[in-house]
Amino acid sequence: MKTFRKEIWLNVPDRRGLVNITSEVNDCIKESGIREGLCLVNAMNITSSVFINDDERGLHQDMDDWLEKLAPHESVNGYRHNLTGEDNADAHLKRSVMGREVVIAVTDGRLDFGTWEQIFYFEFDGRRRKHVLVKIIGE
Amino acid sequence: MKTFRKEIWLNVPDRRGLVNITSEVNDCIKESGIREGLCLVNAMNITSSVFINDDERGLHQDMDDWLEKLAPHESVNGYRHNLTGEDNADAHLKRSVMGREVVIAVTDGRLDFGTWEQIFYFEFDGRRRKHVLVKIIGE
Amino acid sequence: MKTFRKEIWLNVPDRRGLVNITSEVNDCIKESGIREGLCLVNAMNITSSVFINDDERGLHQDMDDWLEKLAPHESVNGYRHNLTGEDNADAHLKRSVMGREVVIAVTDGRLDFGTWEQIFYFEFDGRRRKHVLVKIIGE
């Protein structure tokens, strides 16, 4: 069995934003030399998500609007978590909807994806460095 | 280490609908010959989900009603994604709530499940062929 | 390849409640002797979740309030599932938001975590014994 580990670092300039990290994960698969196995990609911070969906800008804006409706940033003082001095309680909730991680099959040395599957990092409390873990096991 | 891969194809006749795919996944475990490991089951399309819950018809209807409330289909033109000619923005959001994938333990050559766990495919934009990936690794 | 399996049993005294299970999962990693691999932790019951987030009491209360808003317990008779004699339809929906499982990288014989990542069990229909599965594969 082979294993591979790498961190991807990101710094989203706004509070919220999406980054397509598919090519970085693809590079990890190649670098690992693993041809058959499973690839875990997870946010290592707890106010961001890794998820798989379509690379379509309008959809990303729809997602952002929708999450802001489900778990609004305001009122900041309405969240108990923010009484600790934070202002990111909403970010923890948004991340709960979108999920922490994805697990992807590796087949023939490649991400085993449907036509439109792309991997995204969704930042909900940006303007600082965050990291994503890629762990691959297989042979 | 052994690996196994198979696609399950589905064609849900309505826009939305649930299909119990537990027996198909069970067949994959048997076919794989893998006795100990992990089994990934994921939607390969981005407007459907794979999730684990109860096989109870009333609950499924509750889920469908609830998702339609959280991310309504109408108004179609209210979503930026639908300006591309699609009418399925809500399907992408509903799938985000229910998730893309499940990872299941394989123990003694079987799905290692609690009493009521069943695997479902949830279609949010049906009336065409879609596929689900089953990837098993172990020994 | 090595595999390891253990069940963690819990009995949350109220209908809803959170339990930090990070140290129990850590103990499983040590007991397994696995140094590199993947660790699956999933609820074996379908009215509870396993998820990763911050160990902050105010945030946990925010999450509980927020889930009750997204999928309220009342009115109990408003859910079709509850016509079967249950009163836990909301628990199935809340669990759908928070997720069934997490997959965690094992590196150097430890949970490969960011600074604030902690594993929680979220009970949505407690006052009875429930179980969580830990399955680790690797070497």
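Should a chain be cited, it is by its letter among A, B and C, assigned in written order, with residues numbered from 1 in that chain.
Simple rule for what comes next: contacts are C-beta pairs under 8 Å (C-beta built on N, C-alpha and C of every residue); 3 or more make two chains touch, one makes a residue touch a chain.
Keep in mind that what you see is a predicted model, and the values were worked out from it rather than measured.
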Same or different residue numbers at the subunit A/subunit C copy interface, by half rule: different
Turn needed to bring subunit A onto subunit B - CA fit, degrees, nearest 5: 120
Cα-centroid distance, subunit A relative to subunit C, in whole angstrom: 20
Where subunit A touches two or more other chains, by residue: 1, 38, 70, 97, 99, 103, 137
Subunit C residues within the subunit B interface of the complex: 1, 3, 5, 38, 40, 42-46, 70-71, 79-84, 89, 92-93, 95-97, 99-101, 103, 131, 133, 135, 137
For the subunit A and subunit B complex, residues of the former touching the latter: 1, 36-38, 51-54, 56-59, 61-63, 66, 70, 97-99, 102-105, 107, 112-114, 116-117, 137-139
